[in-house]
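Below, each structure is written out as C-alpha cells.
Each of the next two complexes has subunit A plus one other chain: subunit B in the first, subunit C in the second.
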Partner chain A sequence: MTAIGAKPAAGATMDIPSTIAGIILLIVIVGATYFLVGPGMMFYALLGVIIGGLLISFGVHFVPVGGAPAAMGQAPGIATGVAMLAAGAGLAGLFGGAWAAEQGLAVAVITGAVGGGLMMAITCMFVTFIYVFGMGIPSASGKVAKDPITGDTQTEYKSQGTEGHGLPFVSYVGGVTGGILGGGGGTLIYIMLLDVYKEALPAMMKAQAAQVVPIAVSLAGIFAIGMFLVNAVLTAYNITGTIEGPHDPKFKRFPRALVASAVASALCGMVAILIVAM
Partner chain B sequence: MTVKVEVVEGGIPHNTIMAAGLVASVIFVYLTYANVLTQTQLFSFFGGLAAVAAITWGSHTIKHLCSYGIGTGVPSAGMMAFGSGVIAMLFATKFGVASPIVAVVLAAVIGAVLGFLSNNVLNMRIPVMIQSLTEMAIVGALVLMGFAAMITGSFEFHALTSGSVSILGLSLPSYQASFIGGSLIAVVFMLGGIAVQHPFNACLGPNWTQDRMLTLAQECGFLSMITAAVMSMVFLSLSAALVSLVVAIVGWYYTYTKYIGLAKRDAAAWLDAKPIPELEGH
Partner chain C sequence: MESIAFGIGITALAGALAAVAGAAENTESDIGSQGDPNSQVQLAPQMGYLHRIFNKAIAGEPPAYGLWVALGAGLAWAFMAMHVNPILAIVLGCALAVFVQGVYATTAYLGRIASLSKFGQPVFIDVLKSMTTVTMAHAFVAIFTTVTICHLINAALGHPFPLPLLGLVWGIALGAAGSATGNPFYGKERQYQTQKFGAGVPIAASGNIVRYAEAGERNSLDNGWFSAKLGGPASGLCFGLIVFLELWRTVLFEKVGAGWGAIVVGIIMILIFTVIDRYIEVWARKTYGPYTEPAKEGS
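Right after this comes the complex of A and B.
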C-alpha cells in the first residue's frame, strides 16, 4: 500500500462494542448529574444540552463541504472545512437566538434556526455565483446519477477525473437544512445554560439578579460556542473531509456521530452545569 | 484505514516537547500567583509566557495528529482544543490556588473521552488520536488560563467575574467590566485558537522543519500576548500592563527575526525535495 495512493478514510462500519461503551458512558454521566443536582431545572437543562448537541451533529451532516478539492473545482461543495462552516452557521444562529432569548424558548430556538439557515442560504448562493459565473463550472454531483429533488441528470455535466463540482440543487437544500438544525441546536444549548446561570448565579455570587446578567450571558455564550465546536469537529471526523449533502453515501454514517455527540454534549453540559451547582 | 503520510525526521521527540510545554506552562501560570504574595500586579506577564509555552507544545501536537491524514483540515484541531479547553478552564477557576492543576486534570479527562469517541465510536483508528486530543484539551485550558491570569492578574473565578468602573473618581464594583462579564474570554478564545493552529497550517508540506514551525508558534503566541497586554490595561495598573507589553514586544521581535532567518534557510534547502517517504512511525 503506498502512502500517496491511500485516502484518509475512517472505516464506514459501526464499532458495536465501542458504541455500547459510549452509550453506557452517556447513561453514567446523566445519572451522575441527576445524583448531584437532583430532579429539577438543572437536570432538564442537561437533557436540553444533549438534544441541542444531537441537532448540531445531525445538521452538520447536511452541509455540503468540499475543502481544497472544491476550491479547485474537482469536488462539489463549499470550499472550506466542516468545522469552519458549521461554526459560521451555528454562530449566526446563536446571535439570532440570543437576540430573541427574552421571547421564550420556542421563539428563540426558531429564530436561531432561521439565522443559521439564512447564513447557509446566503453562503450557498454566493458559492454558486462564483462557481457558475466566476469559474465557469456547471453544478454536477458525482455521487448520484439523478438529483433526488429535481430529477435532473448529472453525468453529462460531470468532468472526467473529478468527483463532480459546483453546488447541485440537492446540496443547496441540504446546506440550508443543516444550517437550520445547527442554528436551532446551538441556540437551545445557549438558552438552557442561560436559564441555569440566571437562576443560580445571584445566590452564588451574593448579588442581585440584574447585576449578574452579563456574567450569565457571557458564560452561557462561551460554553455554547465551545460545545458547538466540539460537536462540529466530532462530526467532521465522522465524515472525514468532504460530503455533498443528504444524498451522499457518507450521510448514512450519522448514527455513530449521534452517539458520539450525545456523550460529548452530556460531559461538557455536566461540567457547565456543575460550575454553578457545586 | 489511515496512513501516515509524513515523518518526523530528527528534531526533538514529541514527548520531550509535551513534557517541557506542560511543566513550563503550569509553572509560569503559578508564577503569576506572586502577585498575591507580594501585593503587586507586576508578575502578570508570566501568564502570557504560560500561554506561549502551551501554544508551542500545542502546535507540535497538531503536527503529530495531522500527519495522519484526518481529512478535516488543520484548523479543526485548534477549534477542538479550545472548545473542550474552555469548559475545563472555566470550571477549574472555582478551585482557587489549585485552579491550574484542576484545569489540567479535568481537561485531560474531557480530552480523553473525546479521543475515545473519535477513535472508537467514530471508528477513525488513528494511533495517536486519544493522546493528541487529551493534549489539545490541556493546551486549550492552559492557554486560556494563562491569558486570563495575564489580563486580570489572577486565575480565580471571583477575580475573573468582578471588575470596577470609576465614575467621577469613585470606584464602583461592576460585573460587566470583568474578564468574563465583558466577554474578553471570547477574544482570548480566538486569539489562542488561531495561534495554535496557524503554525502547522503555514509550515506543512515537504519542506516542513520542526524548529521553524516551533519558532512560528512562539511568534504567534507573543503576537497574541501583545493584544492581551493591551487588553490588560483595563484591569491592571499601568506599570504592570507596560511590563507585559514590553515582554511581549521583545519576545515577538526576537522570535520574528529568528523565524525570518529560518524561513530563508529553508527556502534555500527546499531544492532537495524528495517524494513523500513511506516510513512507519518515527
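Right after this comes the complex of A and C.
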C-alpha cells in the first residue's frame, strides 16, 4: 500500500453481534470437540492450542510494522508486512521451543518465547542501525508527542511531510514483546499437538512409540506453522497496513482480533486433533 | 567436551553461512525490487515516471523465501533419501528450486509491468533477459546457504524437525530479517537519491523515484551494486547473528539448569541488544540534533 492510503483510523469498537456470533461459534467448536474426544489430554490440548493462538494474535499487535512507507522513511516501524515479520519471529521461536520440547512444557514455551524475542531484538537493533547510519534519520513517532517509556519528545525529530520514521524505543520494546508472545504461543501449540500425536499415532498406525516420533514431530510442526500463519494473517487484517507498536491507537483494536483468533484456532485445533482421534 | 567443541564449530559455520545468505537475499530482493519499496516502482509510471527497473513483488519476501528454501530443502531431502551424497543432494535441490524462482521472477515481472501498460510503461525484454539470471544467481546463493544451515542443524546438531520443515522456518526468518533490515536502505537511499540525506521522504514525493544512474538509465543491476555496499551486509549480519546466537545459546547452555541456562542467556542477550539500540537512538538524536521547527515552505 502507499503512504497516501495509510491514514490510520482508531476503530477500537467491538461489533457486538459479530462478537456474540464468534463466542457462540467458539463454544460450539469446543463443545463438539469435548463431545467427540471426551475429557482428557486431547481436550486440554485444544484449550492449549486456543491459548497459543491468542498469544500469537495479541503478540502480533505489538510488532511495529511500517510496510512500504517505512522503507522510504515516511512512517515509523519496520519495513515489512505485519504477518511476515511476526511469522519470522514466531517461527524462530518455535525452532528453539521444539528443540527444548523434551525438557518440559514450561521450559520449552519460555525457550520459544525467548527465541522469538531474541530474533526481534536483533532485527530491531539492525533496523535502527540502518536508519541512523545508512540513512541518517533519527527515530521519531508520528502517533505520540512523547515516547511512553523514555519520555523523549518526538515531533522536533520528525522530518517534514512524513508521519515520522525510524524505530522509537517504545516500538523496539513492542517488537521484542511481540516476538516473545508469538514465539511462546507457537511453541505452546506445537507441544500440545506433539503430545496428542505421540499418544494417538502408535495405536492408529500399529507401530511402536519410537517409530512414530518423526511423524508426530513433522505433523505437529506443520500444524503449528500453519496455525501461526492463520493467526498472524488474521491479525494483520485487523491492523490493516501499518502499526507503530503498543502506543499506536490501532493497538486498541486487539480485542476484535482475539475473538476471531480464538474461533480460528479452535477450528484449526479441532481439525488437527480429530485427524488422529477419529 | 568434544561434542561441545563440535557443536560450537557447527554453530560458527551455520552463522557464517547465514551471513552470506542474508547478504545474497537482500541483494536479490533489491535487484528484483521485491521488498516493500516495490510499491514505489509500481507507482512511478502512474505518476508519469517510466523506468527500467525490475519489479517482481507479487508476494512478500518472507513467504517467497519460505517457499524457495522449503522447496530446495525438500528436494535435497528426497535426493538424500535416494542415497545421493548430501552435498550433491543440496546443490541439486537448490538448483531446481532456483528454476522455480526464475519462473516466478519472469511471470511476476511480465505481469506487474504489463499491468502498467495503460500508463505507457513498456515491458523491456532486455531487462528481463539480463536481470532474471542475476536474481537467480543471487537466489541460488541465498537458498543454498540456508538449506545447508538447515542440514547442519538437522544432521549435526540433532534438531527434531525434518529438513523441509526447517527450510520453511528459516526461509521465512531469512526473508523477514532481510526485508526488515536491508529494504529501507534500498527504498530511501537508492530510490530517492534526489531527496536530502538525513531526512525521510515526504509523502508528496511518492512515486518520484530516481531513474538515471551513473551510466545512462538506471536498471536493477545498479540497484544490486548499491545494496551490496550496506543493505546487503547489514542484512547478512542480522540473519547471521540470529542463527548464530540462537544456536550458540542452545548448544552451550541447554544442559545448564535443565534448559533454564539457555533461557537466561537469551534474556541477557535481548537486554544487551536493547541497550545497543537505545545507545544508537540517543546517539542519533544528539548527533543529528532536532530538525528546525516545521517550516512553512515546501520540502
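Rule of thumb we're sticking to: the second predicted complex is superposed on the first by the 266 of 278 C-alpha atoms of A that agree within 3 Å, B and C clash if a C-alpha of one lies under 4 Å from a C-alpha of the other, contacts with A are read in each partner's own complex, and residues count from 1 in each chain.
Assume a residue touches a chain if its C-beta (ideal position, glycine included) is under 8 Å from a C-beta of that chain, and two chains touch if they have at least 3 such contacts.
Just so it is clear, the structure is predicted and the values come from calculations on it, not from any experiment.
Q: Consider subunit A as the common anchor and indicate whether subunit B and subunit C clash or fit when overlaid.
A: Taken together on subunit A, subunit C would clash with subunit B, as the superposition shows.
Q: On the A-aligned overlay, A:144 touches which partner chain: subunit B = first, subunit C = second, or both, or neither?
A: neither
Q: In the overlay, answer first, second, both or neither for which of subunit B and subunit C A:45 touches.
A: Neither partner.
Q: First (subunit B), second (subunit C), both or neither: which does A:192 touch?
A: neither
Q: Which partner, once the models are overlaid, touches more of subunit A's residues, subunit C or subunit B?
A: In the superposed model, C touches more residues of subunit A.
Q: A:71 contacts which: subunit B (first), subunit C (second), both, neither?
A: Only subunit C is touched by A:71; subunit B is not.
Q: Applying the touch criterion given at the start, work out whether A:157 contacts subunit B, subunit C, both or neither, answering first, second, both or neither.
A: second
Q: Touching A:37, do we find subunit B (first), subunit C (second), both, or neither?
A: neither
Q: Look at A:169 in the shared chain and tell me whether it touches subunit B only, subunit C only, both, or neither; answer first, second, both or neither.
A: second
Q: So, does A:63 touch the first partner subunit B, the second partner subunit C, both, or neither?
A: Neither partner.
Q: Could you look at A:82 and tell me whether it touches subunit B, subunit C, both or neither (first, second, both, neither)?
A: Once the two structures are laid over each other on A, A:82 reaches subunit B alone.
Q: Given 24-32, 114-122 or 132-140, which part of subunit C has C-alpha atoms clashing with subunit B after the fit on chain A?
A: So the stretch of subunit C that bumps into subunit B is 114-122.
Q: Following superposition on chain A, which residues of subunit A contact subunit B and also contact subunit C?
A: 1-4, 67, 81, 84, 87, 214, 218, 221-222, 225
Q: Can you list the subunit A residues touching subunit C in their complex?
A: So the residues of subunit A in touch with subunit C come to 1-4, 67-74, 78-81, 84-85, 87-89, 91-92, 94-96, 98-101, 103-104, 107-108, 110-111, 114-115, 117-119, 121-139, 150, 152, 156-169, 172-173, 176, 213-214, 217-218, 221-222, 225.
Q: Which residues, counting only subunit C, touch subunit A once they are in their complex?
A: 35-40, 43, 60-63, 159-162, 165-166, 168-170, 172-173, 175-177, 179-189, 191-192, 197-206, 230-231, 234-235, 237-238, 241-242, 245-246, 249-250, 254, 258-260, 262-263, 266-267, 269-270, 273-274, 276-278, 280-281, 283-285, 288, 290-291, 293-295, 299
Q: Within the complex, which stretch of subunit B touches subunit A?
A: Listed in rising order, the residues are 1-5, 68-73, 75-77, 79-80, 82-84, 86-88, 90-91, 94, 106, 110, 113-114, 116-118, 120-125, 161, 175-176, 178, 180-183, 185-186, 189, 275-278.
Q: Spell out the part of subunit A that touches subunit B in their complex, as residue ranges.
A: 1-4, 6-15, 18-19, 21-22, 25, 67, 81-84, 87, 205, 207, 211-212, 214-215, 218-219, 221-223, 225-230, 232-234, 236-238, 240-242, 256-257, 259-260, 263-264, 267-268, 271-272, 274-275, 278
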